[in-house]
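Okay, so here's the structure we're looking at.
When the chains are written out, they are named A, B, C, D and E in that same order, and each has its own residue count from 1.
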Amino acid sequence: MLAVSWEKINDTAWLFVLRDGVKFQDGTPLNAEAVKFSIERARDIYSETGRGPGYVWSCIEEVIVVNKTTVLFKLSYPARVDLIASGAYGAFIYSPKVVEYSGATSPTDPKLEEWFNEGNAVGTGPYKLASYRPESEVRLVKNNDWWGWKEIDNPSPPDEVIIKIIETPEAQESGLRAKSIDVATNIPRASIPGLESQGYSKVVIPSYHNFILVFNTQRYPTNIAEVRKAIAYAIPYDELINTVLRGYGRIGSGLVPYSFPGYIGNLTYKHDLSLAQKLLEEAGLVERISLEIVITLGYEEEEKFASLLKNSLANLGIELTITSLPWEFVKERGASVWVNPNEAPHLIINDWWPTYPSPYEYYYIFHKDNREWNWAGYEDEEYSQIIDEAFVLEGIDWAKSMELYMEAAQTIFNNVIAINLWDMMHIYVYDGGRLMLREEAFNPLYSYVIFFQYVEVKT
Amino acid sequence: MSNSTLLQVIDLYVNYRVVRKFTDITSRVRSAVAGVNFTLSEGETLGVVGGSGSGKTTLLKTIVGVLKPSKGEVIYRGVNVHNAKGELKKKIMAEIGYVPQEPSQSLDPRMKISSSVTEPLRALGVGKSDRYERARYILKVVGLSEEVLELYPRDLSIGMLQRVAIARALITKPKLVLLDEPTSSLDISTQAQILNFLREMKEVFNLSYIIVTHDISVASYLSERLAVMSHGTTIEEGSVDEVLNEPLHPYTRVLIEASKLKEIEESLEEASAGCPFINLCTFKTDVCFKKPPPQIAIGMRRVKCWRYSSK
Amino acid sequence: MVLEASIKSTDLSIGYEYDYGILWVVNSVNIVVWRNTTYCIIGESGCGKSTLGNALAGLLPTYAYTNGYLEIEGRTVVRGDETNYNGVRGRIVTRIPQDPSSALNPYATIGEQLVKVIEHHYGVRENALEKARELLKLVKLPLEVIDYYPHELSGGMKQRAAIALALAPMPKVIVADEPTSNLDAYLRGVVASLLKRVQRELNLTLVFITHDIALTSVICDYIAVMYAGTIVEEGVSSKVLHNPLHPYTQLLFKAIPKLGYRETLSTIPGSPPSPTSYPEGCRFRPRCPVGFSECYKAPKLIEVKPQHKVSCWRYA
Amino acid sequence: MGITLNYVVRRIVLSIAIILGISIITYVFIYLAPGDPAYVWAGRPRGPLASEAIARARVELGLDQPIYVQFFLHVLRFFSGNWGLSIRFKQSVFSLVMRNFASTLELLLVSFAISIPIGLFLGIHSSLYRGSKIDAAINSLSIVLSNTPRFWIGLAMLLAFTSLNIPTYGRISDNFRGELVERVGLYLVDSLLQGRLDIFLDVLIRIIPPALALSLYPIGAIARVTRISLSEALQEEFVREAVSLGLPRNTVVYGYALRGLIPSLMQAIGLFFSYSLIDAMAVEYVFGREGLGNLLVKAIPASDFPLVTAALIIVAIVYVVTNTIADIVQALINPRVTM
Amino acid sequence: MDSLALSINAWRKRVTFRIGLVITIAILLAGVAGGLFPLIYGWDIGFRIVSESFQPPSLKHLFGTDDLGRDMFTRVLMGTSRALVQTTIVIVLSLFIGLFVGAITAYYKGFIEKALSYITELFLAIPSILLALVFVILFGRGALTVSLALVASWWSWYGRFAYLQARAIRDLDFIVLAKHYGLPGVYIILRHIVPNIMSPIFIQALTDAGSVVIELATINFLVGVGTTSIEEPDWGLMLGYGVRYVFNYWWIPLLPGLFIVLMALGFALIGDSIYEEMHPQLKRRWRLWF
């Protein structure tokens, strides 16, 4: 948005032209220096401490200020800088004066980070941060000096925005009903018809957030491919859509979510219990078996899916134990497949969203070197090589790299290492009598983000 | 006085701590028993008479060994009661019986009489059948039927409870029994029964008693010798007849008058230093206001009063 | 001196509610207490004397049942099961408690307690304080006691404070329920003397309830002996004390140890019956050494000598 | 005075010892917690440099030190009010907890302002008419009240009020949120300090339903305690003495019997207060109010153990402090007891 | 011995006792039924999807069905047996620990008394939720873990109660004498102190059973640590999970709560009636007499 135009000069150099006349909320003008400052800070923090989402910028060798409004990105290896720059993380541009404000000595001084954490920000956006209580609410006020107001033609944008951090769906619904919330991001799906009948409106936005069922390939019996396949056939996909997602969701295909770069259709199993039964018999499993699935506490859909799966597997004589844990524990259980595969759960659901618009984000999960996230315990040399190659090719030959990703997806699908169960859809329920949410207010890459400049307040 | 000395109490002090005021950081020491001396011969009975708060009960508990003295010694047949250990201690415990003040509190309400009565024997390591045999015997002696053994304290009247408490004190065949207000919670008719019974027991087992009471008539009924106690010390000691007929100390005189029910014009303010009985006394001199009186022996009698110090 | 009845009871019975009905602990008591005299009720524990005292002072517990009549200073306070002590408590009757340490309000100073009572009955504060001082003087307590809490006083002083409190509403009748039982011999004499003096000075009617027979000789004008809920003997104190008629009274007096006497005490065999199992007829019959066949019928309290009543078939 | 400075000092030392004990237990808790705080602290790194970031976070959090050093530092920090940064919110735990505690405290105070008078009233009347139908009714009512899950009733109330379109959700209307100047942290007080009656009313309307739900238990419990202890007190000798002196009924009941009960009732109410804290957390969660309960619900799934323990330590400290105060006050009021 | 007599008296005279007993028996039956269900109908009975989701209460589904179409009533009954077992564990264990710790604290004067009473105070102050979380970390999630965690905090109530009771009797003559005779501490604690302090504590524990149920439910409601899975039919979790449907499908969160109330009430009514029977000053007729 801040860039007016950009072009790829060669594999390792991109030129960006910035919008002129844009000012930060503290009055300093947005210029090439600020871009250099912000991007290099993110990159440096990552390379110095390994922390933060700055790794998206690790391809940058140097940001060169060409003139006041032009920057040149010099890369150490080919990459799609345009995609990175539009990513959800690590691509924030802020005023270089923050160093001064926070009393830090250098851009990577932890003091600056603390200053940000305390709820300070100086960006270019249409709304300014007014107060910051990460546990309950964030307040924004309109930035009248924003450059974009002329362009978007919104007669009545909100003057003040309060983002309430309300995690539980019932609390959101209650707030909505009590008129203390105008837009709710996470309403129980089952409540939506009731709310709609009371005059509330909804917006359904697809997202790149998907839920991946991961099989433990190192533990009996899920180390047997037939067993995994049988489970894949036992998943009640229709019920998943109808009962769990109440229609607001899409059965996943392959690993990459729908409409994300590198999406592949048709990599989906069907619900077929008799086939599943046959596969189990082929695998030689006649006695009753017990499996464990680990899901994340608080994800209503995961919980329900697990229940459906339990019911369905019961027909196959498989007893499914559902363990729902806080997210940190889920991760710990999942990663334990590398330490003690027989203690790790047979099945585990990992929810994933990209920080960076490349299919690599999804395929890297099952990379053999990824000990943090490869909860399948899947160690496939060939697969890993294919995706690494594809990643390098991204900045050079997009089509070729997509082909390689396709191959990787087939491997995962055929071996039933993991199944993308569904792609999430965000449902925003709002009081239609008071607000109008334009479509531009949402971007699938930015989950749970509303661009408030596109919100119209009705009087 | 008979020949052999049974018990000697030498200069006994028992202190306790009190905190009085808001600003007191440390507690102050008060003496419940402050300098008690007496000697008891075998077969002799000592009556200790004193008002409430005079330290009688503390004295008794210290003699029996329940409380530790801050100073002084209790010598039973040449052995210091509080230093005795092991078998010796058990022997002394067996030879000194103790009957607490409230019969209703001295027996465990949740325990059968048989268990309560045989408890001292259990501590001595006597076998179960022996214990019960002895319990049956002793109950017969105190005039209770055998069925009582299977009852609980709530099934018995207070007089019977007192008998049971005495039976427990007697079950170890003691030589000395300490009685703390044995009749104060009893009715007149029961009191007479218990008093007579105590006399009888003394004959049967050749016992010595130390009886602590506020009632000088009860003490004189059972004892050969009387000690009058006040403010933690024995202010006068002597044979019953001597004390009753010729009281030396003004407080003793008042006590006797009170029990003869003469009308008493009372004045009870406590003196600060010096003798605590100044207000009762018609012979007070300057020294009485300054220092507490020392113990003075007159023949076999002892008294704490300045009046007799010059003699 | 003309004798006027201060308290008069007619067939007064008092019982308590128990699991299986009413337990009558005081049965058909007929007494007359004359004004400005001291009337003693003596008996052993459980004979109902405290219950009778509570009835006189208007302090029967709520689970008590009554029967008969009781008049105090011309006011009928008990009529059948109805009791009405309004205007009688305090104004006409007060009582001196058995245990002053629990009967004094532990949360207020002696002065506060006195003043509260005086104020309620007679108004204004300055006078009340003055009156409180007078009362303390009357019971020979030092004046600084006015600022003391009850727990700061010794046993004897507490009892005096309780007496002062009972005198504060200026009643006509005082019921003293074993006021000396928690005191030692010396203080007992002191308190009894004090009560006697106060009764004379203030022209009170004093009902003195005690089990301490020796004490009665000093302070009582009339004596009633209670046994198992009934009055077995009643009369002028000198007559009852020196010439007891009822066998129970006779035996009881012999059972008291006397100073200097060392002969074996005589005892009453057995123990007093409990209200749940009063014997038929004369209630002393099972323990009576001189009982005869007549005793299976209940005797009546009759005047056998002038001012000396007894309830025994031997004198019928 | 029945109390000595010595006692007060001892009681306070005891409280500090208990809080120290709690800090030990919480330390053990944080230490044992399996969700790797270093990982979260590092911002859940995903890239190839992730393990490096985690190692770095471990140093920053002091997790590389020997356990006794860690423990010592923990205790030191604990008593200096530096409870570290919340892993999830990256803010000072202390200020986070205090800010939310004010909300919980406000709710509790209002609920006790409701329940103490009602509970006392019910208890006194139950006791005065005991054995009667009134007593049976009040007693049964208080048993029912004190044995109903508060959060459940809160839920039902939330449903009822929301269907009646009465705003019960949240702590304050959003229109007012920006206008309220926070001084004390208790919005009822703050709004009055600011002189804004409209804000005060809004806050009041929102606080009453949860406070009512919360006050069920204390109402029942206070009524029962009052009934039992007043019944005993009314039979105490000094109360009978007051009756025998002809004092009027109100003087006897309130001036004599009840006055003596104040210390023990205070102690009991202090206990109920600290016991209600957990209830308050559940109820405020139901009503979507900010506060310790909501904080806890957010912190637990995020394995934000410093925050979880801090929130719960506040509960413990409130317990210790209320009880210490109640004990000291009870010793002060009661001249009989010498401590 | 007297407790039986007391109960009989209470039954004869108190409506509350009878109501409480009826409720408790009903809950016990429900618990037995819930415990037997898996044996009769198979292990997955509580999880079986039997109908359309969100069915309101009807004769077929007494408590309606939940968001997946499972029968709520079956699940609530299974929750009953869980709650009964958990409550029994909590009450019995805390009672024993509390009773003995309290007796020991009071019996051994001096250092042991100080140390143990401080420890008791400490455990009183620790919120049970915190202990529940600690225990979950130590022993893993599960109903038993939370019960034990609650024991770890709950015993201190009885510990203090027992201590106060025992302190009141420890200087009575029969205990002083037993000590004086040289009888061992264990004997005195077991034979003298514990029997004399236990009955009020037992009654208290009976009354407390209701609070235990509520506390368990509150912990599970708030932090959901009680079970290994949301699938487990635990009351607190069912409520906590059902809260999100309160506005549209009220029976999902509200009906299971009814059972919590009933169970708590049943125990409390029984305990209270026996308490009243034990305290005659509370049970006798009382009229305003002054």
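We take it that contacts are C-beta pairs under 8 Å (C-beta built on N, C-alpha and C of every residue); 3 or more make two chains touch, one makes a residue touch a chain.
Predicted model only: the values in this text are computed from it and were never measured.
The chain pair with more C-beta contacts between its two chains, of B-E and A-E, is A-E. Greatest centre-to-centre distance from subunit C is found for A, with centres as Cα means.
Per-chain CA centroids place subunit B at a distance of 54 Å from subunit D.
If you average the Cα atoms of subunit A and of subunit E, the two centres end up 45 Å apart. One finds 39 Å separating the Cα centroids of subunit A and subunit D.
Centroids built from CA atoms put subunit B at 88 Å from subunit A. The multi-chain contact residues of subunit E, meaning those touching 2 or more other chains, are 243, 246-247, 284-287, 289-290. Subunit B has no residue in contact with two or more other chains. Within subunit C, contacts with two or more other chains are made by residues 61, 89.
Of all residues in subunit D, those touching subunit C in their complex are 2, 235-238, 240-248, 251, 255-256, 259-260, 333-336.
Remark: subunit B residues 50-53, 157, 159, 187-193, 195-196, 199, 214-218, 220-221, 244, 254-269 touch subunit C in the complex. Interface residues of subunit A facing subunit D in the complex, by the touch rule stated above, are 46-47, 49-53, 55, 58, 117-118, 130, 133-137, 139, 160, 162, 165-168, 171, 174-175, 177-180, 297-298, 326-329, 331-332, 355, 372-373.
Across the complex, subunit E is touched by residues 168-170, 173-174, 177, 188, 190-191, 194, 243, 297, 300, 303-304, 306-308, 310-311, 314, 319, 321-325 of subunit A. Residues 15-16, 118-119, 121-122, 124-130, 133-134, 137-138, 210-211, 214-215, 217-218, 221-223, 239, 243, 246-247, 250, 253-254, 257, 260-261, 264-265, 268-269, 272, 279, 281-290 of subunit E are the ones that touch subunit D when the two sit in their complex.
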